[in-house]
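Read the structure below first, then the notes.
Labels for the chains are A, B, C, D and E, by order of writing; each one numbers its residues from 1.
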Amino acid sequence: MNHAGLQNKLASRAGLGVLSAFTGLFFVALIAPIVVVVLVSFTPGEALTVPVTAFSMRWYRRLWEYQPFVDSLITSLYLALSSSFIAILVAVPAAIGIGQSRSRVATALTTFLLAPIAIPALVIGLSLLYFLSNIGIGVSYAALLIAHTVVSVPYVMRTTLATYRNTHASYREAASVLGASSWQTFRHVTLPLIAPGIFAGALFSILVSLDNLGVSYFFGTANVTTLPVVMLSYLQNQFDPAIAAVSTVQMAITVVLLLIVEKTYGLRSLTTQ
Amino acid sequence: MKHPSNTATQEPGSGARAASKSLVLDAVSKRYGGVPALDALSLEVEPGELVSLLGPSGCGKTTTLRLIAGFEFPDQGSVSIGGRDVSSLPPNKRGLGMVFQNYSLFPHMSVGENIGFGPRMAGIRKPETQQAVRRMLDLIRMPGFMDRRVSQLSGGQQQRVALARAIVNNPSVLLLDEPLGALDKNLREGMQFEIRRLQQSLGITSVMVTHDQEEAMTMSDRVVVMRQGKILQSGAPREVYDRPRNRFVAEFLGTANVITCRIVSRGAQTVTVGTVCPDEAHGASLTLALPKNWTGELPRTIEVAVRPEKIAIDAPQPGHVQFRGEIVQHVFRGSQHSYEIEVPELGPRIYAYQQAFSSGHAGHARGQAVTISFAPGDVVALEPDEGHELAMSGIDAFICGPETVATQGVR
Amino acid sequence: MSTPGAITSLLLTRNGKRSRSMRVALLLAPAVILLVVFFAAPLLENAVRSLGLDVHASGSDGSAFRNYEKLFFDPYYRGVIVETVRISLYSTLLCLVIGYPVAHLMVRHAGRFAMPLLFMLITPLLTSIIMRTFGWRVLFARHGPFNDALMWLHLIDRPLSVLGGPLGVYIGIVHVMVPFMVLSIIPVLRGVDRRLEESARILGAGATRTFFLVTLPLTAEGIATGCVLVFMLTNGSFVTQLLLGDGSVVTLPLLIFQQFSLTQDLGFASAMGNVLLIIVLVCLYVQLRLSGRKGTSQ
Amino acid sequence: APSVARAADLTVTAYGGAWEQAYRKCFVQPFEKQTGKTVDVILGSPMQWINQVGANPAHPPIDVMVGLVDSGEIARERGLVDKISDAEIPNLKQLKPNMLGYGKGYGFPIAFGDFGLMYSKKAVPNPPQTWKEFVDGTVAGKWHAGLPGISYVATAQGVIGLFATVYGGSLDNVQPGLDQVKRMKASGNVSFYSEPNSPLISLRSGDIDIAMYFDGRAWAEHDANNPDIGYLNPRPGAVAFPTMVQKVKNGSPLGYQFMNVLASAEGQSCFANLLQYSASNRDVKYSDQVRSRIAKDDDSLWLSFDVVSKKTPEWVEMWNKQIGR
Amino acid sequence: MKHPSNTATQEPGSGARAASKSLVLDAVSKRYGGVPALDALSLEVEPGELVSLLGPSGCGKTTTLRLIAGFEFPDQGSVSIGGRDVSSLPPNKRGLGMVFQNYSLFPHMSVGENIGFGPRMAGIRKPETQQAVRRMLDLIRMPGFMDRRVSQLSGGQQQRVALARAIVNNPSVLLLDEPLGALDKNLREGMQFEIRRLQQSLGITSVMVTHDQEEAMTMSDRVVVMRQGKILQSGAPREVYDRPRNRFVAEFLGTANVITCRIVSRGAQTVTVGTVCPDEAHGASLTLALPKNWTGELPRTIEVAVRPEKIAIDAPQPGHVQFRGEIVQHVFRGSQHSYEIEVPELGPRIYAYQQAFSSGHAGHARGQAVTISFAPGDVVALEPDEGHELAMSGIDAFICGPETVATQGVR
C-alpha cells in the first residue's frame, strides 16, 4: 500500500521512541541509587564498596544481632501503621465532610489540613516537644504517635477527598433508597468505594513516617526510638553495610505492604487525585 | 403480587382522600439558594399508575423525584406515601425503589449482591435474600447472571439489574429518573416495553422522568408537563396530546402547527376565529371550543393548533376546512412522509404528515399544488401563554401566521 | 446498629431539619481539633518564642522583633530567603519538565507496564535519605559508574564532580519529589478527553502545537497540584541540601537545622520557621485564587 | 506532671553503633553489676537530649547525658545540669586537671579525639606536617582536601578556632582563620562535608586525597577497610574534642554513682582501647597499638570551649555569609 | 460558497474515477490487536453529498471516520480526498472538519477562540481570523457570543459552535460522529434541520455517524448500513428502507414484520411463497421479486418483511392480500397509533401503524376483530442472513411466524 503511510507511522514511532528512551533513562536514574544500596547490603566485606563481587548475608545477621536496629524498626513500623490508622480515623470523616460541603469555609479548612506537610519536620517536632511536655505528655510513644499523626493527616485527607469526589453521589442515594441507614450506606457503599483512596493516602503516610527523622528526633526514649534516629546515631560513629542491610529490609517490608495493597485494592487509586 | 402501599398505617392529619392515593405531593415548594426549583407543586398518583414527568431542562423534574425519595426536603408542603406523611423521613425509611439514569449499580458488588442489597438492609436472612434475587433475575430474564460483575454487563443488562434492584423490596412507589437516557435507540425501545411489562404485572405505582416525549406517551398512564417548577398540564397521553392547554404544551409534546387567528366573535363556550391575519381580507372562519380557563376580556387574536398528522393532502372530506397550498419540502422519515406546505391563507408554512402507505407511492413532489384539509374538531384553541417562550433560538418567529417548531429534517 | 453505627449515623444522617453545615462541622471536627491542638497551637507557641517572649529558649535578649529584623533587613538572610524560594521553584520546574513526559508515557503508552512503572516510581520514597545519598555518592564518584561510562564513551576526559554543589542538590531533590509530581499529573492527564486533542489535529494543529495549545492547558489542574506539593515539600526540607550540597546551597530549613544543632537559638529558628510558613501560605493562597477563578468561570 | 514512665532505675544517653556497644560494655554493664540497678540507654544526638531535658526540666527523661563540649556549655547555661564534685564522684580526683577544667564543675570529659589529618598514603606520599603546609598545599592543588562544613555538628567551631589560632587571630578575632578557609575554597581543591561518613567514602573512591578528621575513626577505618589510610596531627597540634558527660538536674541521684564509673580508670581503659580515643583518667592503660596512635596531651590544641560556645552563633553567621554561599 | 474539494491538486496514480469523488475509501481494512474492526470496506462519496453510517455498536462506524480523519492509518487499502491519496497524511494535513458527539470544544478557550483555532493554525492573520469567526457566528445565528466561555453555553449552542469550528476552514469533507447524540429530542430535531441547512447551503461533502435511524433517514442523501466492519447495504434512505436486503437491515432501519414463508415455486426473477408455516394447511400465497444476490439452491423457507405502516386495518383494497386477526395491544404514540394484532394465519403477532388522523377517533379497541391487508408490492423477500442474529435478548424468537423487533410500548 502506502509507503508514505509507513513513513508517517515511523515518524510517530520515532517520537514515541524518544519519549520511551527518556522515560527509560528516567527510571534507571530513579532506581539506580537504590539498587546500589541493595547490592551493597550483600557484600561480605567490611566496607560499603561497589562493585559487589561476592554475596553474603553477613550484614543481615549483624542486623539481627544489633538489638537497636530490630527494636527501632519494629517501633517505626508500629508507629507508621498506628499513626496512619489514627490519621484515617480523623482524616476520612474530614474528607467526607469537605466533599459534601458547598461552603468556602470548608475549602479554607482544606488548606489548613494540608499545611503540616509544608512545615519543616524539625520545626513541628521541636514545637510539639515543648507543647506536649507542657501539657504533661513529654517524650513517649504517645508523643511520637501524636507527632506522626499530625503529619499523616494531610496525605490521607488529600487522597480520600479526591476519591470521594470521584464517586458519584447517586451510589449513596441508591443505597439509602434501598433502605440502608446512614451507617449502613457508609459501611457498605461509601467506604468500599473510597477505600482505594484511603489506602493510597495511608500508604503515603506510612512511607513518609518511616523516614521521618525530623518529627521523631525529639521524642525517642530508651525503649521507643525510631529507625531513622538510630541510623543517624549509628552513622555518627560507624559506617558499615549493616546500614544498607537495614535499609533494604525496610524497603522489602514496604514493598510487601504495597503488594498486599495492590492485590487487595489495586494501586490505580494512587494515581487518582 | 400487589403493591403494599395502601396497607401502610395512616397518620392522623392526612386527609382521607390522600389515603386512597399511592403518592400525594401537596403544594410542595423547594428553593435552591433563593432560586425556586419547585413552586407549590401538587401531584397525586393512583395506585399502580405510571406517571411521567416531562418538561424542559431545569423545570424541576429531578427535584420532584428527589423530594419524593427524601434526598431533599420541601421548604413548604408535604409528601405522603400510602396516606402517610413522609415529609420528614429519611430515604431509607420511605420504602421506595429508584432507578437512576446512570443505573448507579454498586461497582464493588456482583449482580446478585446488588439486587440483594435491599433485602439485606431490610434484615432479610441470606437464604431468603438469595431466593428473592433469583426470582428477580428470572423476572428480568437474566437467570445466569448472579455472580457476574457489574462491569461485565452491557448497558441494557445494567439497566435491567438496576430495575430488579429497585423492585425487589416491593417498593410502594418506584421512581425512575431518565431510566433509559443512556441507552441507544433500538435498545431503548426494547427496554420501554420491558419496564412497562414489569410495572404493570407487578402493579407498582411509578413516577418517571424522561426527556423523550414519545417515550412518555408510549409508556405512561398519565403525563405531567412541567415548566419552571409548576405543572402546566396533566392527563392521559392522548388527552394532553390532542387537547394541549397552551402553545408550550402543544409544541413540547410532538409537533404542532400553531396559527394566530383573528377573533371574530365569542359565544358562551365557543369562539369564532378567522384563519388569516387581521390585515388580510380573505380566509376561512372556524368556531372553536373556548379554552377551559379562559376568563376576562377577549384579546384581538388567539392562537390555535393543528397537529401535522391531522392534515390531509388532496383528500378533502365533507365538513373539513380546506386551503390551497404548495409543497415546499418533502422529507421521508420511514413510516411517514413529512411535508412543508406553503399556504398563503394561513401564513408561510404548514407541516403535514402522511403515512407511507405504499412503497410504490413516491409522495408529493416539491412544487406540487395541493389542497390541505382538516376537521374543525382537530383544531384546538390555545390559552395565551404567560409570556414564556420555548427557547428555540435560531428559529425565526412570525408575528402573524403559523409557527411551528422546526422538528423537520429538510431536503 | 452498633455504637459506632449510632455515632456515625448521627454524623452522616440526612435527617430532615439537621442542616448540611452541621453535619459537615461534625465530620470535620476531629481532624480540625487534632490539628488545632497539636499543630497550630505548638506553632503559635513557636511564633511567640520567635518574638523572644518565651521562657524556655536561651539567647532571647534584645528586642522582640530582633529575629525578624535580621531576617528581613540583613541582605544575607534576605538572600537566603530568595535562595530558598529559588531552590523550591527550580526544583518544582525541573520536576515538572522531567515528570510530565513520564506521566504522559505512563498514561498514554505504558499499557500493562503502567503498574510496574508505578511501583518503580515510588521506590525513592522507600529508602531513607541517608542511603539514597550514599547511592548517589557511589554512582557519581570520581571513578564511579557515571564518570567511567562517560569516559569510556569519550564524552569527557576528566571525571566530572557532580555532587557537592547545586547540581547534586537538584539531583537529590528531583529524585524524591518527582514521584509526587508524576502522581499528581497522571489522573488529570488520564481525564483529558482525547477527542479534544483530535479536534486540534483535524483543525490543522501539528502534534507539537496540539500539545502546547490543548493538552498542556487542560492538565493545568494536575500541574498545579503537583507543583504546589513539590514546592511545599521542597520548601520544608533540608537533608538533601545538607548531604548533597556540601554547604554550597543554603536555605532557610538548613539554617533552622543549624540553629538546632549548633547554636540552639530556638527563637531565631522559630522565626525562620514562621517565614517559611508565610511563604507557603502565600503560595497556597495564590494557587487557590488561580484555581478558584477558573472554578467560578466554569 | 510526671512525663515519663521510667522503666529502669537510671537513664543515660549514647551515640549508636560501636560507640554504644563500647559504652555499654565498659561503663553500663560494670555499673549494673556493681549496684544491681538497671540502666536504660537512649540513642540519639546531644541537641535532642538537651531539648528533651529542657522541655521537662522538673521531670527530665534523662539522668546522665553525654555530649560535646559546646553542647555541654549550652546545657550548663540553660541550667539543665547539676554541679559535680569529688564528694559525689570520688574518681574525679584521678582525672587530668586541665580536662576536668573543661566541665567548669558541671561535668567532665571521658575521652577526647584529635581532629587532625587523615590522608591516602598513595595519593599523598608526603603529607603536610603543619597546618600552614596543609593550607598552602591545598591552595596549590597538591591534593583535593575534605573539610568539615559549618553544618557538620561538632567540629566546625573547632576548625574556625584552629585556623584563627594558627594564622594569628584569636577566638575573639577569627577572621584571619576564616580567610584561610576562604582561600582554600577559592582554589577549588576543597570539598566540604556535612556528615562524618562522606570523607571515608570519598577517600576510598578517590574523590578526595586528604581530610581533616578524627583520629579514632580514621584508625578504625584503616583497620577495617582501608589500609592505605594514614593519620597525623599537624603542628602546632590538632584540636581536641572531648566527649562530655553531665548529670541532669532533677535526675536520679544514682547518676553520680554512674558518673563515678565513667570516670574510673578501668572503665576508661576499656573504652579508650575499643574506640582508640585518648582518655581523661590519668591511670588509663592503653594497648601498645592504641598508645602509638592516640594523641599525646601536648600535641593537641585545647580551645576554650566556653568562649567557643558563646561565639558560635556569631561564627556560624560569619561562615554562612563568607563561605556558605 | 462552494466546497473546494474538486479543485484540489490531483496526484498521478489516483484513478480518474476517484477524482470526481470527494472521498473514496478503497478496500480499507483495520485491525485492533488482531481483531478486525474494518474489513476491506469501500465507500465513495460524491461532492456535496451527506452520507450517514448506521449500524450496531462496535460495527466500525467510528473507526471509519477515524481512518478518514487520519487518527488511524489503514492496514490495507487507501483513503483519497478530492482525488488525492491522503492515506499517509497526518490529520492536520488533510483539510477536514469534524464534529464529535460531545462537541469537544476547548474548555479553556472562548467561543471565538474555539472557532478561530483552525484559521489560527492555518496561519491566517488575526484580523482576518476575527472576521471569519464573526461570519461563522452569524451563520450559526449566535452573533453576540464571541467572548462567551464554552461552559456558559447550552447543549444546542455548544453543538452549533462545534459545527462552526469544523467548517470555518472550508473543509473538503466534514465528519460528524454522533453530532446530536448528547442533545434531547426537541433540540435534536431542531439541530438536524440546522446542520442540514448549513451542509446544503455550503455544499460540504459530509460523512455522519448516528445511532438514530430516523435521524439518518431524515438528514442524509444516502445511508450506509454496516455490520462487523462491512457495508451491508447502501443507498438513498427510502430505497434502503423500502427494499432492505436482509432481515438485519430491515429491522435496523425502523420496525419490520418479518414472516417466515414456505417456498412454493420459483420463477426466473420471482419466487412464490406461502404465507403460513409449511406444516399448516391454509394461508395465502404471494409471488415476490427474488432478492438480487439470490443464487444457488432454493431453501425450504424464506423470510419476507412488511413494514407496519404498509398494513391497513379494516380497509381492504383490491389486489391486496387480506388476513383476519384480533387487536391485542394498542399504543398511542402521538401522531400514530400502534397496534399489535394476532393473525393466526401468519403466526402470533403483527405490528401495524395507523396515522392518528382525527382526535375524534379513539382507535381500534383491544380485542376487536379486524381485517388486515397489504399490497403484495410492499412485501420484500429477504436474503438469508449469514448466521447473524440481532442481539435482542429478552425477546422470544419463533421458528416459524412473524418476528418483530419489540419497539412497541405496551399498555
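A few points about this structure:
The rule is simple: a contact is a pair of C-beta atoms (placed from the backbone, for glycine too) under 8 Å apart; a residue touches a chain by one contact, two chains touch by 3 or more.
Since this is a predicted model, take the numbers as computed values, not measurements.
Minimum number of contact steps separating chain B from chain D: 2. Taking A-D and C-D together, the chain pair joined by more C-beta contacts is A-D. Each chain gets a centre from the mean of its Cα atoms; for chain A and chain E, those two points are 55 Å apart. Per-chain CA centroids place chain A at a distance of 15 Å from chain C. With each centre defined as the average position of its C-alpha atoms, the distance from chain B to chain E rounds to 27 Å. Contact with two or more other chains is made by residues 13-14, 56, 130, 134, 138, 144, 207, 257, 260 of chain C.
Among the residues of chain B, those in touch with two or more other chains are 70-71, 90-91. Residues of chain A found to touch two or more other chains are 48, 126, 130, 132, 176, 181-182, 184-185, 231-232, 235. Taken together, the chain A residues at the contact with chain D in this complex read 45-49, 66, 68, 126, 129-130, 132-140, 217-218, 220-223, 225, 229-240. On the side of chain C, the complex with chain D involves touching residues 56, 58-59, 76, 79, 83, 130, 134, 137-138, 141-144, 161, 164, 242-243, 245-250, 254-255, 257-258, 260-265. Listing the residues of chain A that touch chain C in their complex gives 12, 15-16, 19-20, 22-23, 26-27, 29-37, 40, 48, 50, 89-91, 93-94, 96-98, 100-103, 106-107, 109, 111-124, 126-128, 130-132, 146-147, 149-150, 153, 157, 162, 176, 181-187, 204, 207-208, 211, 213, 227-228, 231-232, 235, 243-244, 247, 250-251, 254-255, 258, 262, 267, 270-273.
Put simply, chain E touches chain B in their complex at residues 56-57, 140-142, 154, 156-157, 160, 184-186, 189-190, 192-194, 196-197, 200, 211-215, 217-219, 237-238, 241-243, 252-255, 307-310, 312, 331-336, 353-360, 375, 377-378, 392-395, 405-411. In the complex of the two chains, the chain B residues touching chain A come out as 69-71, 90-92, 94-98, 100, 102, 104, 106-108, 117-118, 121-122, 165-166, 169, 175.
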